[in-house]
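The same chain A turns up in both complexes below, where it pairs with chain B and then with chain C.
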Partner chain A sequence: MASLIGSYSLFFSLGFSVLILFFSFKNLKNTINFDNKLLSLTFLQLLFIILSFFGLIIAFINSDFSNSTVFNHSHTTKPLFYKISGTWGNHEGSLLLWLLVLTLFIFLFLISSKKQPKKYRVLTLLFQQIIIIGFLIFLIQTSNPFAQIYPVPSEGLGLNPILQDPALAIHPPILYLGYVGSSIIFSSVLAASSTNYISKEWAKHIKQWILISWIFLTLGILLGSIWAYYELGWGGFWFWDPVENVSLMPWLALTTLFHCVLVLEKKLLLTSWVVILSIATFTLSMSGTFLVRSGILNSVHTFANDPERGLYILIFLFTLIFLSLFVFFFFHKTDGQNNTSFFWLSKETSILINNWFMMYFLAVVLIGTIYPIFLDVLTSQKISVGPPFYHKLIIPFLIPFLLAMAIGPKLNWIKSNLQNKSHLLLLFAISLILSFLIIRILEISFLVNTILFTSAFYLFFITLRDFFIKGFKNLAQNIAHFGFSLLILSILFNNFLSTEVITNLKVGETYKSDELTINFEKIEKIKKQNFEAIIGKFNVKSDNELVDILKPELRIYNQPNIVTSEADIKTNLLSDKFMTMNLVQNQEYFNIRYQIKPFMIWIWFSVIIISFGGLFSFFKKKI
Partner chain B sequence: MYGRKVKLRFFFILLIFVTLSLTIFLILKSLEENVVFFQSPSEIKGLPELNKKKIRVGGMVKNKSISVQAEELNFIITDFKNEIIVTYSGVVPNLFAEGKGVVAEGYLKDKNFFLATKILAKHDENYMPPEVKAAIEGK
Partner chain C sequence: MKTKILLPFIIVSFLFIFFILYVGLNRSNIYIPETVTNEKIPTFKVKVFNSEKKLTSIEIFENDIYYLLNIWASWCIPCRDEHPYLMELKKNKKLEIVGLNYKDKVKNANNFLNELNNPYTLILSDTDGTIAIEWGAYGVPETFLIYNGKIIKKIIGPMNNNLFKEIESVVK
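On to the complex of A and B.
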């Protein structure tokens, strides 16, 4: 029943799309005012998508196995929470969620943009509807979440156990709000471009949408990263896996775009660049979806290998790129702008420098991600590009990037000078000495590390000083930049101070090294709702003093029959103690990994600070 | 003479051009050094000479080939035509098992011995990496 309602709702939504298109064109030609019928229609469309989405959730809750999506991804013994989150833990459901966000955002856009010109609003709606129609047809044609199976199976196939996790239950919706949020920026920029409305007012208004998208994207990436840290048991936070890169690329583009819009808002400069970046952000989000959904990239996100789906998204993607380029080249007018040139030492220059570095980082990540795919297609040679590639190309360029981040905000618009800026030098000297001492103590001997530490500390001190001196002025920017310096510092310390022990132990055995001993005391078995847990008990001692008792876990799920390992992590402000264990097949040995990861929590925490900066900026106007 | 503006623009374009070419050069150079190639046991047997670079070997874990000691783990990767002995000390992914697909990353000692530094985790029991499939089907 719920499936049936959900299924019909999709067709109704498609019907509303057609109506909206029709009335939009009529509204563009005839009247002066915005036709409120459009708003009602958009609301109704949203309502039907919500209905459809709830239809699917209810089908999941009731374990309605006549629905093939439910059959493929659910099981009666699964806890309720994961039945619900399983709704978007699969290809069809996640696309429905994508649609939900698309329609939700255009509705919010329409009700919050009443002061904007009519033509611009209608056109934004029109462009957004093109995207919505594309996805609706995609959903109904190739991946209908409400497809029926007959005869009705008595039991489902279950959800991949590593997805049965709280962080991963909310990771997709949050990430999607960021990904799909960029669709509004895309539609809006095309509309503004074709009505020649790219102005300071527009910048002010679109900035809010960029911020929403950016905050959610930041948090979405963070959640995915935290999940990978404790669930995959690799004990790191970023692996330069193609799937991670695919979410990092829109983030880089979006961050750059945000900084450019600031310039646009203040000085009406860089208009074409803003248009290009907006198009690029959405295109990267779409290609990300294409890459992970089509099965080209191998990961837990690859739900189904169906070439037809990949082909459809690819064609749709190219249509959108073609459309946007068409609008950009034929409608976007660059004449009539003021030709204010700016002095080399100014805020504009530092933002441009920031842009260049961001684009460079983006290029590195992009090439590292797609080069193996191209090589495979062209020469069928299989390669992979690992972390060393990214580290080598990105880390050295972080240094000038951090310095520009520290000094840039201190400069004035148009022209600046360096008088009364002696504290800049002083703080730099302090950072340099501090870094030098740290490098000495840690006994790392690389020149590049000293400079890297220095620039990170420099940004840290300068932003810290501004909290006290400037108070509420530029607070949002200051918070975000401060968070970034904290992130880099935490990553550096984490990287240099981490230690690990990997060994194979039988129950009762003890591992000994100079620093510590790990005693494998016992294992116990516990039966849970849909898995059986084997919990190990390990006593970690250092200098014969008991430091920690760690209890990593192995879970053997009933359906599908998969073993996952749950790391046991003891977190405090200074460091994480991390342990995973694994049973090697047909052997008495357990494979044990024990890691001490300093400042791990600060990495997560600083990303939250960064997004908090965005949040602050979002609400700043209203204070 | 050209005006100041023309000069400035020329300078700007030159700067963009120089940075772009430098970027592309850097990226390509780094790619060349850091790319990891994927090979099947049969391909390794056919190598004219041993490569010192890091590679990935993929195939199936041979039945009854896993043996564990305290500090290391040995097993055999096979593509049903040729096989290679792998020595590894490190974290073993959950789905590492006999008769299942595996990808090991590391260095060749000789054509029969592989020193792995990483074994890649796979997410799904029924899933076989496309590389492994290609290796077994002999491309």
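On to the complex of A and C.
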């Protein structure tokens, strides 16, 4: 029943799309005022998508296996929480979530943009409807979440155990708010270009939407990263996996876009940057969907492969790209705006410099992600691009990037000089000495490391100083930049100070090294609703003092039958103690991996600080 | 004026990207092996993994048995996929598996082997990737079947069940 309602709701929404298109065109031609019918229609469309989404959730809760999505991704023994989160833990359901966000955002846009010009609002709605229609047809045609199975199976196939996790349950909705939220920026920029409305007022208004997307995207990436850290048990936070890369690319574009919009709002400069980046952000999000859903890339978390789906998104993606190219080249006016020359020492120049760096980072990630596809098609060669590629190309360029991030906000708009800026030199000297000492103590004597630490510390000290000197002035920016310096420092320390012990132990055995001993005390078995767990108990001692008791788990899930390894992580402010346990085949031994990862929590924490900066900026104007 | 050149250029570039992705989409995701027969193995000198000893290519492949040279790295995800096949091939007494650890950190490489077990009788260390270039390798993983100083078969990308059976049938 719920499936049926959900299924029909989709068709109704498509019907409303057609109506909205019709009335939009009519509204564009005839009247001066915004036709409120459009608002009602948008609301009704949203309502039906919500209905459809709830239909799917209810089908999941009731374990209605006549629905093929539920059959493929759920099971009666699953806890209620994961039945619900299973709704978006699969291809069909997650696309429905896409649609929900698309329609929700256009509705919110319409009710919050009443002061904007009529033509601009109608056109934004129109462009957004094109995206909505594209996705509706895609959903109904190739990935209907309400497809029926007959005869009705008595039991479902179950949800992949690694997805049965609280962080991952909320990760997709948050990430999608960021991903799909950028659609509003895309539609809006096309509308503003077409009506020649790219102005300071527009910048001020779209900035809020950029911030919303940006905050959710940042948090979404963070959640995914935390999940990978403790669930996949690889003991790291970023693997340069294609799926991670496709979420990083829109983030880089969006971050750059935000800075450009700031310049646009103040100085009416960089309009072309803003237009191109707005288009790029959403097309990159879409490309991400294409790369992940079509199965063209091999990754740790691909969805079911289906070339038909891939082809549809590919065609749709390029239709949108060509549409935006058309708007950009034939409607976007650049005359008279970009002719202002930049003085070399000014805030806008430093933003421009960092824009180029961001574009460079984006290009590196983009090439690393899609180059294997190109090489394969053109020469039939297979390659695997791994972390060394990204590290080599990105890390050296972080240095000037960090320095510009530190100095840039100190400069004035238009023209600046460096008088009364002696503290900049002083802080740089302090950072340099501090980094030098750290490098000496850690015994990593590379020049590039010293400079890297220096520039990270430099940004850290400068932003820290500003909290005291400037108080509430530029607080949002300062918080975000401070968070970024903290992130880089945490990553650096984490990278250089991590230690690891890997050994095979059986129950009762003890591993001894100079620094610590690990005693495998016992194992116990526990039966839960959807899995059985083997829990090991390990006593970790250092200098004969008990430091930690760690209990890593092996879980044997019943549906589907998969063994996963759950790391036990003891977190404190200074470091994470991380232990995983794996079966060694046909033996009584267990493979034990014990890691000490310093400042792990600071990596997560600094990303939260960064997004908090965005949040602060979002509310700043309204207070 | 600028637009007149730029726009067609951009459109052509995007059409090219579309074409590539379209073709890529219709290709199977299974790695296609490339066979090179009777090519001589390159001569080189290489450091042995976890030791300071150096060996030449002649010393490494001197015996009258089949050798499998496998280029791998701990950061390479497809290497994890093919690992069980290598473990299975290890049981074959007429075959010796030589690993070439490609652009890797010793610590990470050791962890990889501890976690998944070690299929190699000998591991060579190629920290800067130059030895892999000598072999004409494109990336990781890549595997060469060698007999009598000659490359009988070259596999680009991870091993799969068919290739595994093929090797088993060659090495009897």
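Simple rule for what comes next: the second predicted complex is superposed on the first by the 617 of 623 C-alpha atoms of A that agree within 3 Å, B and C clash if a C-alpha of one lies under 4 Å from a C-alpha of the other, contacts with A are read in each partner's own complex, and residues count from 1 in each chain.
As a convention for this text, a residue touches a chain if its C-beta (ideal position, glycine included) is under 8 Å from a C-beta of that chain, and two chains touch if they have at least 3 such contacts.
As the structure is a computational prediction, the values presented were derived from the model and not from experiment.
Based on the shared chain A superposition, would you classify chain B and chain C as clashing or fitting together?
Overlaying the two structures gives a clash between chain B and chain C.
Classify the contacts of A:Ser199 with the two partner chains as first (chain B alone), second (chain C alone), both, or neither.
Neither partner.
Using the superposition on chain A described above, determine whether A:Ser272 touches chain B (first), chain C (second), both, or neither.
neither
With the two structures laid over each other on chain A, which partner does A:Arg593 touch: chain B (first), chain C (second), both, or neither?
After superposing on A, A:Arg593 lies in contact with both chain B and chain C.
With both complexes superposed on chain A, which partner does A:Ser66 reach: first (chain B), second (chain C), both or neither?
neither
Looking at A:Val364 after the superposition, I want to know if it touches chain B, chain C, both of them or none. Which is it: first, second, both, neither?
In the superposed model, A:Val364 contacts chain B only, not chain C.
In the superposed arrangement, does A:Gln208 touch chain B (first), chain C (second), both or neither?
Neither: A:Gln208 stays clear of chain B and chain C.
Is A:Thr517 touching anything from chain B or chain C once the two structures are fitted on A? First, second, both or neither.
A:Thr517 sits against neither chain B nor chain C.
For A:Ile383, is the partner it touches chain B (first), chain C (second), both, or none of the two (neither)?
both
Scan A:Ile502 for contacts with chain B and chain C and give back first, second, both or neither.
both
Go through chain A and flag every residue that touches chain B in one model and chain C in the other.
Common interface on chain A, chain B vs chain C: 298, 300, 380-386, 388, 502-504, 582, 584-585, 591, 593.
For the complex, give me every residue of chain A touching chain B.
160, 162, 232-234, 298-300, 341, 356, 360, 363-364, 367-368, 371-372, 380-386, 388-389, 392-393, 502-505, 509, 560-565, 580, 582, 584-587, 589, 591, 593
Please name which positions on chain C make contact with chain A in the complex.
Those residues of chain C that touch chain A are 3, 6-7, 10-11, 14, 18, 20-27, 29, 31-32, 34, 73, 75-78, 103, 107, 110-111, 114-115, 117, 138-141, 156-157.
Please output the residues of chain A touching chain C within their complex, sorted ascending.
241, 290, 294-296, 298, 300, 305, 307, 310-311, 314, 318, 321-322, 325, 329, 373-374, 376-378, 380-388, 500, 502-504, 582, 584-585, 591, 593
Quick check on the complex: what are the chain B residues that touch chain A?
Against chain A, the touching part of chain B is residues 8, 19, 23, 26-27, 30-31, 33-38, 56, 66-73, 89-98, 121, 123-125, 129-131, 134, 139.
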